Amino acid sequence: MAPPAEVLAVRGLSKAFPGVRALDDVDLTLHAGEVHALIGENGAGKSTLIKLLTGVYRPDAGDIVFQGRPVSFATPLEAQKAGISTIYQEVNLIPLLSVARNLFLGREPRNRFGLLDFARMHREAEETLRGYGVRVDVRRPLRSLGVGAQQMVALARAVASEARIVIMDEPTSSLEPREVETLFSVIRRLRDEGIAVVYVSHRLDELYAVCDTVTVLRDGRRVHHGRLADLDRLSLVSTMLGRELGEVRSEGLTKFTGDHHATDTRPVLEATDLTVPHQLHGVSVSIRPGEVVGLGGLLGSGRTETAKAISGALPLSSGRVVVAGAPLRGGSTPAAIRAGVSLLPEDRKSEGIVPGLSVRENISLAVLPRLSRFGLVSEARVDSIVNTFIERLRIKASSPQQKVGELSGGNQQKVLLARWLAMNPKVLLLDEPTRGIDVGAKAEVQKLVDELAADGLGVLLISSDLEELIEGSDRVVVLKDGAVVGELTGDEVTEDKLMRTIAGDTPARDAVEEAATDG
Amino acid sequence: MAEAALKTVPLDKARALQWLQRYGVYAGVALLLVVNIVITPHFLSAENFRTQAVQVAPVIIVALGMALVIGTEGVDLSVGAVMALAASVTALYLGYGLLPALLVVALFAAGVGLANGALVALVGVQPIVATLALMVGGRGLALVLLPQLKDLRNPQLASLGSGDVLGIPYLILIAAVLALLVAFTVRRTTFGRQLLAIGDSRPAAQLAGLPVRRVLIVVYVVSALLAAVAGVLATARLQASDPTSLGNLMELSAITAVVVGGTPLTGGRVNIAGTVAGAVLIQLLTATLIKHDLPPSWTQIAQAVVIVAAVYAARGRGKR
Amino acid sequence: KSEDDAADGKKSTAAADAGQKVAEPKPGSKTCTVDAYGGKKIDLKDATVGFSQSEKEANPFRIAETQSIKDEAAKRGVKLLTANAQSQFSKQISDVQDLLAKGADLLVIAPLNSDGWDPVLQAAAAKKVPIVTIDRKINATACKDYVSFIASDFVEQGRRAADQMIEATGGKGEVAILLGSAGNNVTTERTKGFKERVAEKAPGLKVVFEQTGDFTREKGQQVTEQLIQSKPGIAGIYAENDEMGLGAVAALKGAGKKAGDVKIVTVDGTRNAVQGVVDGWISGVIESNPRFGPLAFQTLDDFTQGKDVAQDIIIQDGAYDDGNAEQDLGKAY
Amino acid sequence: MTVTKTQTPVSVAKGRQAEGAEPAGPARSERLSALVQQHGALAVLVIVSLVATFSFDSFATGDNVSNMATSSAFLAIVALGMTFVIITGGIDLSVGSLFALGGVLAAWGSRHGTLVALLLPLVVCGAVGVVNGLLVARSRLAPFIVTLAAMLGARGLMLAITDEGANTYLIGKGSFLAELGQGTTFGLGNPVWIMLALFVAGAVVLRRTRFGQHVYAVGGNEDAAALMGAPVARTKILVYTLSGVLAGLAGALNAAWLASGVTILGNGMELEAISAVVIGGTLLTGGLGYVSGSLVGVLLLKVIQNVINQIGSLDSSYQQVVSGAFLAVVVVAQTWLGRRRQLM
């Protein structure tokens, strides 16, 4: 078998931001029909590399040869026209536009008067999406779709154009298992059609499931490349982190010990009968000090809403939350925080960090009133707290004054954790605390959660990563359609049992398709 | 090293850009001062500087409040109307003495600020439309209260307008103190940080448990109160209450000062020193054109050019 | 409670004898009749009169003008409809159209601008509604598009202001003009008359500074402050309305000048300005009488009865200087 | 940085997908509230008009309606351009000045023939629009401040060519231009027909062309639009140009109607146009809006003004209080309706 044609050859690519060398002399080669894993810690430079390839940023040095010709794209549009399609990590689609318009933006079918042909557009959009297991009314605004379905639209969009290379920057971070399967089958189809795929993910299992080759970045440099099959998981992690194999092996891949002991039998948090119209229907959860309670369920089952309702970010139509014996005034985040309930939101970028403010200001944001007198901030006390947490959580920032928006995802997450830990909470609600962060950071966050629980903190852990949920929680409450459908304790917390409870009586597939066809 | 040599050129350019971005307004002010000293007769005199400072003081005071509002990603179009309202109310209640009159003025201004803040923070109306409604209605109210210009002969008010301490007019003193106070608030207080966080990312601020609504309402109230202070001072200086024309287009002057001073309209950052400099820049420009007796068309075109130039220099650098 | 409630009392007493007087019509000046205009005779008592005011009733001139129209309508028992354009010309056009739609039989218009009245004139002509414009002229054909125009002669006001300025300064030195708002034909005409007369009668007097004060006191003050700094030797200031003149006075006071150091001449004849003459700060005030009510209604009455009315009714404006200011203070509005 | 804070990551933008209890519920109420948001202003307009019809005899007369239509036409044309700008998430404060400038240029140009009279305002105002667009799109300056400067600049230019406002250029009676502005067709003024034609064209462009899609996309999420290959900069430049051209055209038509290039026009018109657009249901944050709504918004403003005139005896200062209060009520109502929609 002759080696497939080289589609892309990148040589010596470098890019610096003020204070950071995001990418340093990186090479990358792609062949037709190759699925290439691009991995590295948070901030290793993966997204930067992708943005350089697609004309979002201009390289400081290096050249890109695409299909035998040197190229330099000025805009993503040029890259797309030339045949490089991308599903970006953060920016995706346009929520207010209809699904079909999102799918066809820029290449809408037109009738003979040059006007858009909506009938055809809707027909084709429906057909295309069906191939991705998404059945929706394509005239509805995109934002009425679940995240998974939105991601599928983005995927369909990227693949639909005449692409030679499809780049996916963490496409699965908000997909559920069934959707991941669909995604993989799409990737395999692309491979069979001779299209090269660049696949970025922090989930190692996925890499082994679909990728042929791998490039490992560390601190902006390429530290390894080759066939993925030649490297086992542990070696992969050790190259990525730059640590000894033995060290990694001894520490294991997850940091959860899984056995916490509730120090008290009385719950520190008791949420009963939480009801939010259309979203939650009488959800009850209780957490004892020192306990990690997992919240399981499919996407859209109401986990985020439960956490938000407890923290006062969603107004309740009925139900009550009691913290350490005292009832909370509903619908007020400040009240919940004062009572000792802290929420680490799922959507770090738009609901968590304040991107334009510094690390220091972000960490001290919630605790500020306690560090102030008559509204005046005591800078010395802020400094001491900020420094403590930067050290304790090993936050990587050029200085406490660096803008949080410039940090990598994992470090942003740590800054948020620091913000809440500084408050000395009684209950910590963690919504997808390790989504989109690298194995190293993930392990650190997990270890931290363990330690906090050991210190007597009550923790609610929401995670779509079943492994994490199982290993991390003492007890898992399972939600479906905004209501509790089961609870697993102790030995019951196994992957098999959890899967079955989450799916409920109806198999997952039907549930989603049924939902997708309504409207 | 070759590498280093290669890099110096773009680096210098980048640095120059950065410098311009940060200090452009001040450079502009300095430039106008130098140019005027050279070409404008009698410019270099204490009297002249005093005039410029006294004229710009009300603009600065309004712009301080505007800077806070813009820091929360808002805008306040009602400031000019609040100035007029302050003028009306001052005239109506001056008979009871200056202090009582000022208290009533503060009440009215706080009322407008509350209405703005409530529309923005509680109802969720876009600031530009919410404050537009109060801009129209506020001036109407000012005229309902006092339908026409009225001369005021109150010695206390007169001394507020033209008196001084150690040769420094009260107006300048008040503007300076307020500027320091606001700058201090932005930098050193919980309120200031919360304001910036809200302007930068409102959902994040909300989930971090910040009192978002309260901060927003307070910001609009502060803006209205500062506008009222400016209104009273302008009235004191004029020795007359003129609700028809006082504060006309003040909202635009204030916004211009804030933006030219390097505070982005997208919120999350507030530059008080820059705001003061921005106001001074526009004042000097207008003074230059008037002193050289250039026609109004020139004044407007020159202002347009300076605004664009200043904002262009201070713009966040685009695509890298 | 206001500071000087007492002062307001005096106003009304004197207002009665401050009505407008018509300047002696020049021989041969044109007249208009119902027949020539193409309307029909009606009795003013049964008619509805529409009045369109251009600016908010917020300055003495507009207040006195509207009040005088309202008073006269009440006196004659005529039904009056009013509208106020709030200084927006487009609004004034629709205002007048609204008045017509509401059934006004006769129109009194205080135009914000002299040009741009075509749509209104056409609409009025279609309904044969006679129009009298007051205080400012409409650029159109008299006795065809409108009946007559009652106003002061702004160019003449400028000339008379120049006379006063020449007298006050002795015809020598540098003077400044505080212009009204740009684009306003009152501004244009008062400037024209002033400059003409100065050039003609006192070549020694030089206009060295012309900046707009937008007809407001505040702008008048600010501009004057700049002026006296850059031109300390200025001999006189011609302000195209009283408010700007009073602003100039405030600026001069602020700069520590004495009354009379800089000669100020203004146009309008408001109370405050005339008081300024009494106090010596202002050298002269040219009157522009706003009390159009009696004259406007008389004209309409004559016209609708079929009598001849003059097409241009120019008002004889008074003037105030240190000779008559004190005793005529009551006439000021 | 390309990645700015305007981005809306998918996770915040998600809506209800699975709602077991009442599958059709959210979708239906969503459509309903979309409908209300789009036509809420229309409902208010109908109610106010009905009340006015019953309260004032002279409201629902042919004359009055045709007057309102004509005087709305100019503002409506300006609001049409503004709608495009606001849907992209921008704002254009220069339209009032451009309206005045356009009128003066048309009147001045009418001495050199109809073609010059019509083209000159479009070209000059369009050019100002291009500059606005370039500064907003290429130099990434805030639209508010760019167009504020343009507002000053355009008015300065207008003053410069009219001898500081002292010169009013006239349009000859009976000329084609005057006929265009003053003539009527089927009982309605020509400007009304022109305005209606422009709105139909505007609706088609916005809903049925790629450019229209790009306008929505840029306003909905600029960064995403760029990454999806929409020509963000070109779209922005085009909408500001369009807004400039339409403001110039409205000015020219207005001048034709008035038969003169009045120099004191257009003050505050930008705020009127913005209010009309917002009342019409277009989101100031961009991404959502309707051309038809803006027309309704303009009519609503005009009807309210007419009603105030119908009352007749209101003091000029009370009139302002009433319009301010009315504006507040309408935007509050709009916001409540809009908020319901955002929950979906």
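Couple of notes before you dig in:
The first chain written gets the first letter, and so on, giving A, B, C and D; residue counts start at 1 in each chain.
Note that contacts are C-beta pairs under 8 Å (C-beta built on N, C-alpha and C of every residue); 3 or more make two chains touch, one makes a residue touch a chain.
Protein names from UniProt, one per chain: A = Sugar ABC transporter ATP-binding protein; B, D = ABC transporter permease.
Note that this is a predicted model, so its numbers are computed, not measured.
Under the contact definition, chain A and chain B (ABC transporter permease) share the contacting chains D.
The geometric centre of chain C is 36 Å away from that of chain D (ABC transporter permease), both derived from CA atoms.
One finds 29 Å separating the Cα centroids of chain B (ABC transporter permease) and chain D (ABC transporter permease). With centres set at the average Cα position, the gap from chain A to chain D (ABC transporter permease) is 41 Å.
Along chain D (ABC transporter permease), residues 2, 5, 12, 159, 164, 315-317, 319-320 each make contact with two or more other chains. In chain B (ABC transporter permease), 143, 147, 200-201, 203, 268, 295-296, 319-320 are the positions where the chain touches two or more neighbouring chains simultaneously. Across the assembly, chain C contributes residues 56-58, 182 that each touch 2 or more other chains.
Contacts between chains, counted with the stated touch criterion, involve the pairs A-B, A-D, B-C, B-D, C-D. Residues 40-43, 45, 47-48, 51, 55, 91-96, 143, 147-154, 162, 234, 237-240, 242-246, 248, 287, 290-291, 293, 295-296 of chain B (ABC transporter permease) are the ones touching chain C in the complex.
On the side of chain B (ABC transporter permease), the complex with chain D (ABC transporter permease) involves touching residues 75, 77, 119, 123-126, 128-130, 132-144, 147, 200-201, 203, 252, 255-256, 259, 264-266, 268, 295-305, 307-308, 311-312, 315-316, 318-320.
Note for the complex: chain A touches chain D (ABC transporter permease) at residues 51, 56-57, 75-77, 80-81, 86, 88, 90-97, 101-102, 105-106, 108, 110, 114-116, 118, 137, 140-147, 149-151, 154, 157, 174, 278-279, 281, 298, 300-301, 346-347, 349-351, 355-356, 405, 481, 511-512, 514-516, 518-519. Across the complex, chain D (ABC transporter permease) is touched by residues 53, 56-58, 81-84, 86-91, 93-95, 97-103, 112-119, 122-123, 139, 181-185, 187-188 of chain C. Only residues 188-191, 193-194, 196-197, 200-201, 203-211, 268-269, 319-320 of chain B (ABC transporter permease) touch chain A when the two sit together in their complex.
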